[in-house]
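The following pair of complexes shares a single chain, chain A, combined with chain B in the former and chain C in the latter.
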Partner chain A sequence: MSKIIGAVEIGTSKAKALIGEVAENGSLNVVGMASRPNEGMRKGEIVDFRKAAAAVHSALEDAEKMSGTTVDEVYLAQTGSHLKGHMLRGSASVASSDNRVDVADLQRAAEEAKRRKPDDGRTYVHHVRTPILLDGRIVQDPVGMFGSKVDLGYWSIDGDDQAIKQALHVISNYSLEVKDLILSSIASSTMMAGPDLRRAGTLVIDMGAGVTDFALYRQGFVACTGVIPVGGDHVTGDLSMGLRVLEPYAEKLKIEHGKAISDPMDEGEDVWIIGNKTIGDRSIPRKAITDVIHVRIAELFEILSKELEGLLDPDELKGGILLTGGASLLPGVEQIASKILGFTARRASFPTGIDSELAQPENATVLGLLHYGLEDHGLPGRKKEEVEAGFLGKFRKMVGLGAQS
Partner chain B sequence: MSQDNLFPQETNFSPENEIPGIRAKIIGIGGAGLSLVDGLRFDNFQSVEHLAVDVDSRALSDSIAGEKLAFGRRHTRGMGTGGEHTLARKAMEEEKDVIRKKLEGVDLVFLLAGLGGGTGGGAAPVIARLAREAGALVFAFTPLPFSWEKSRHSMAEECLADLRKFANAVVPLPNDSLLQMGGADATALECFAEAGRNVSKGISAICSLVFRRGMIDVDFVHLRKAFNRRAGRTLFGYGEGDGEDAIRQAVRELLLCPMLHLPDVSKAADALLILITGGTGMGMAALQQVSSEIREEFKAGEHIVFGAHVDENMGNRVQITVLGATDLEAGIPTADVAPTAKEVIAVLPKSKVAHTSKLAKEKKGSKLKTVPAAPRNKKKDDLDQNTFEFMEAENQRGIFGDLPSRNIYAGEDLDVPAYLRRGVKISI
Partner chain C sequence: MTNKKNKNQDGLSGNWKKLAPKSSRKPASRAAFRKRLLGITKVFALIVVLCLVGIVVQFFQERSQPNSGPLDITGSGMPVSKLMFVSDGVLHKNWFQNWFGPLRNRTLMDLDIEKIQKELKKESQISFARVSRQFPSTLKIELKEKKPILRLCLRSKTKGEQTWLVSSDGSLYLGTCYSNASLVHLPFLNIEPSLLTPNPEGKGYAKLEGITAVAPLMELARREYPGFYQNWKIISYQRPHDSDPGAHIHIKSGKVRNLRFAPQGFAAQLRRLKYLLMESDFRRTPVIESIDLSHDRSVFAKLNPS
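Entry: the complex of A and B
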């Protein structure tokens, strides 16, 4: 029997809902997809609950209609500058007398790692496991191997209680359950960077409307993630102020004529703001548009480079830098990223087999949610279901959603 | 031939018909303030006095202001404060009585002070307070340091918040944005000079409103009623046009004025002062249309002061100055101020149905939809609510201005356009 799963991303410019059908052989088929402009959100955080909820609900409704089915639980993407990542580590000595590693040893190490409670008013959003070390060596699955000590780490992201609760309530208001919270950057990297790239080491930068999410992978595991509260909306805002045009015109100029690096061909060329040359329409040099965008985008990558200081090692980043998200469509961003971060950056492409209508950079996160949800992220030797129930049960208790479970 | 024609000046009102009884004082404080005062050129207002205040006696002796006051000699021995605004504040508090004396009988005070330095930042709030206590209406024009001058900048913001507690309207002039003034090849100095000229024209326009008789006349009482309360955010802009279509050109230039497009500047005004000065050929119909367009642009509330002056020396030129304020301090019942608006509207019959261009309508519609002026609407719904706290903490940061928290990274507010913070000049 096939299984229906859903994914929701409450994005700053659009709320997106996706419904997928998992066939018995494990292959995923997207059967419903809808997106709605979201006016209830700024810079990745909900500022108007009702508007955000309305956008999400109508996106879900449309996606359900399109698929002809209903979903009971969804994966929900989380972003926002309130999220902070930490590396948590735990270790355990191998208990059995024959020095064979047992699942219980791994569990003890995991418990120790997760023992640290987040600060008051904060909740863990996502624990991403990093490599398991058996006596200092990286191993994929130590169960059954000989050794004396296992170490494992979690890149753990915690966030503001209120912000997370709000996002969860948007979904629970639609009588849906959140199966799991997934960090937006991890969701989009799952989609855009295949296992080979993740093993080679790669940095995925998802440039959204409100925020820019990034995730750095080393040896196939997450080494660092982060959120920078600057996105495409900032470019629009800068244009609106710098060119002294209203925001909708600034948005239009950005989409139609926006470039992040100057083009000698544009020298001396002007574009019209409204385009119909009515009274009040005025022409603007292309160079002015490019200048405004360039400064903002360059600054964004400078901040990224500061955030990742010391983490970008040529030997560990053979996969280069991948750019995705709606704002990555601006021509020239990859050149600026390469120049400032010092590694080749390119626009990420979707793996083959994704419908061309869906394969847009702005859909990377929501598509990634489904794919991440399908993958097994538990500890080796444990069944997937068990792990998830455990994590979510604990999470529900933390955020006060215990009633349903 | 009159003397005025021999020496054309920015404002060429003849001194004879000046309205007596009201006194205005322009006070420059500290280095930046002094140079702004010295840059002002309107000696033909008899009732406007210039006062230069500084701790640095050498800088003071170079100033050409009519009155000078050195303070803080005990603390600095006649030298600068070296950026210590607490020192300047302390020294100024000690000279309270001297300042009070200087402010006696003054109805209108213009404070010009750079807030990045010690003297301006420390002394300006004190003088503003004393002036308010003395019953004067206080307008402040304050240059702010570049945002990359991090410590100076944060100090200036503190002083700005302080000054806003006392002044009726504070017009911040951030160096970041002043770089956007002038033509494409303008040097930094030329940009600052241009900004200084605009401030000077603005002050002179307000003075002419108060001291001269005009075609559509409003006087000091109107001004006082409109700006009686302490304001949070302000807007200030200036535009000039020449030739056949001068008035339209002036509106266009006004709406493009870089000083109206700063992150700190309010996009709507609860109190709005519109001043139009033009030659004898200025038509009434055009005036009405322009005023209603400007009022729509700034979504002006009920406190509007609209003045039009005819100056035969202007020829075909038209100058428009706007000064607006939002988040007015609550506390004074609206009824007290209402007559002003009524009177003004009475002067402009049918202004509500006056023809507006298609663009203006489009602009208004789309603007209302996409730029939520949330704090302002809230204010209107709930007029009695004391808005004091948020007017201190919150700044208009372009399209992110309605968000409660700032987006600080390494001391910089990322919601403020990057090109402003990085000093990149955008020529349009």
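Entry: the complex of A and C
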């Protein structure tokens, strides 16, 4: 029996909803997707609840109509400059007399790691497990192996309570439950960087409209994540200010003529703001547009470089840098990233099998939400528990029957 | 889908689930409103469907069961072993047993006491009847009977001469269980045949309206002046409810052959009659032809029969 799952990304420029059907063999088919312009967000945070809710709800409704079904729970992407990541570490001695590692030992180490509480007014939204060390050696699954001490860590992201509440409220207002909060950068990384790339080490940069999320992978695990409050909208704003044009025209210029790095071919070439050469229309040098964009994009990568200072080790980043998100579509972005960060940067491509209409950089997060949600991120040796789908499952959940982990 | 408790979350650390609002009262968008409306409609439709299924199941269950008639929740009860009969008149237990029939082998619960009570009330001699069960095996009959104040002899071609009794409310009935001694002192009633009308409810005759005016005189005389009353033989009346001078009650008696009373003020009239008969002339006269007491304070008397 197939299962229906949903994912929602409340983006700064657009709210996106995705509905997927998981077949019995585990394959995921996207059966509904919709996006709506969102005017209720600034820099990844909700500033107008009603506008944000209207955009998300409309997207969800359209996606449900497209899929011909309804969802009860969704995975919700979480972003914004309020999110901060910390590495939490815990260890436990192997309890058994024969020094054979048990699931309970891992559990104790996990509890030890998660014992630290976030600051007042903040709440953990996501714990991402890092490699397990058995007597100092990295192991995939230590259960059943001999050893005396188990160490494990979590890259834990906490966020501001109010910002998280606002996002949760948007979903609950549509009579849905949030199944899990997933960091946007991790969701998009799951989609764009395959397991091989993650094992080789890669930095995934998701350049959104309001913010830029990044996730650094080492040896297949998350080493660092972050959010920089600079995105495509800042480029548009700069164009509007610098070229003295209205924002819609600045956005049009960015999309149609924007480049992040100057091209000698553009020297002396002008572009028209409106394009029909009527009253009010005027020409602007193409180089001026490129210069404005270049400054902002370069600034973005410089901030990123400072954030990741000391973490960008060539031996640990053999996979290079992957760029995704709507703003990564600007020509020349990858060259600037490569130059400033010192590693080869390229635009990320979607895995094969995804419809070309869906396989757009701006959809990386929402698609990644579903994939990340379906994967098992629990401790080794712990069985992934399933709940019954359908009416019986809903009824059991309603009356509180069934196993709870 | 994974379990509700997420693998990435742990109760030892801060958990965002505690921030999730329990409910959101007001939908923030039209889409949310439509979603809620759809949800409510689905729940309502489910309830309606369940109700319909329930009704259909009950309907078929009822149809599949044989109709066993009304349920007997009382049980068979015990046979009637005692009859308690209470009456303020002349009717007695034997009369009831003859009237009803044998009670043997009939249980209290077999008897339809409402029907018995109704049939008893139809009897012309009975003014009130109450039938009740006294468990475990006693049937109780309580009656109130009409009291006769006059007799009326009627002769018919088929039934010959019959003596009917007249009660104080004007009812006519053929008395049962009365002894001759109890009836022999009752005066006879003499009325115009036109005043007798058949009973619209069935057998017998309708009530005589004038009797209610005559009854107080009869009752007063019987109680206060038994010497007069025992000589009264035949009573008749003319428009006793009217107040005109012609309305009167006429009594034929032994010493005073014709007594005439006005239909009201009986006590004063009887007092005047008493004083009148105490006069020496009246005392000495063995038979008085007539005394008319119906003219207010004037009394007209005729001593000698002419």
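Just so we're on the same page, the second predicted complex is superposed on the first by the 385 of 405 C-alpha atoms of A that agree within 3 Å, B and C clash if a C-alpha of one lies under 4 Å from a C-alpha of the other, contacts with A are read in each partner's own complex, and residues count from 1 in each chain.
Following the convention adopted for this analysis, contacts are C-beta pairs under 8 Å (C-beta built on N, C-alpha and C of every residue); 3 or more make two chains touch, one makes a residue touch a chain.
Here the structure is a predicted model, which means the values were calculated and not measured.
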When the two structures are superposed on chain A, do chain B and chain C clash or fit side by side? fit
To the nearest 10 degrees, chain B and chain C lie apart, as seen from the C-alpha centre of chain A, by 100
Does the superposition put A:123 against chain B (first), chain C (second), both, or neither? second
Look at A:233 in the shared chain and tell me whether it touches chain B only, chain C only, both, or neither; answer first, second, both or neither. first
Would you check which partner chain A:180 touches, where first means chain B only, second means chain C only, and both and neither mean what they say? second
Which holds for A:292: it touches chain B only (first), chain C only (second), both, or neither? first
More residues of chain A are touched by which chain, chain B or chain C? C
Under the stated touch criterion, which partner chain does A:246 make contact with: chain B (first), chain C (second), both, or neither? first
Smallest Cα to Cα distance in angstrom from chain B to chain C after superposition equals 20
Quick check on the output: what are the common chain A residues between the chain B footprint and the chain C footprint? none
Can you list the chain A residues touching chain B in their complex? 42-43, 47, 81, 228-230, 233-234, 236-238, 240-244, 246-248, 274, 278-281, 284-285, 287-288, 291-292, 295-296, 298-299, 303, 306
If you look only at chain C, which of its residues touch chain A in the complex? 1-10, 12-16, 18-21, 23-24, 27-32, 34-36, 39
Give the list of chain A residues in touch with chain C in this complex. 3, 5, 49-50, 53-54, 57-58, 60-61, 73, 110-111, 114-118, 122-128, 156, 158-159, 161, 164-165, 168-170, 172-175, 177-181, 373, 376-378, 382, 384-387, 389, 397, 403-405
Flag every residue of chain B that touches chain A in the complex, lowest number first. 180, 255-256, 258, 260-263, 357-360, 363, 366-367, 370-371, 398-400, 403, 407, 409-410, 414-415, 417-420, 422, 424, 426-428
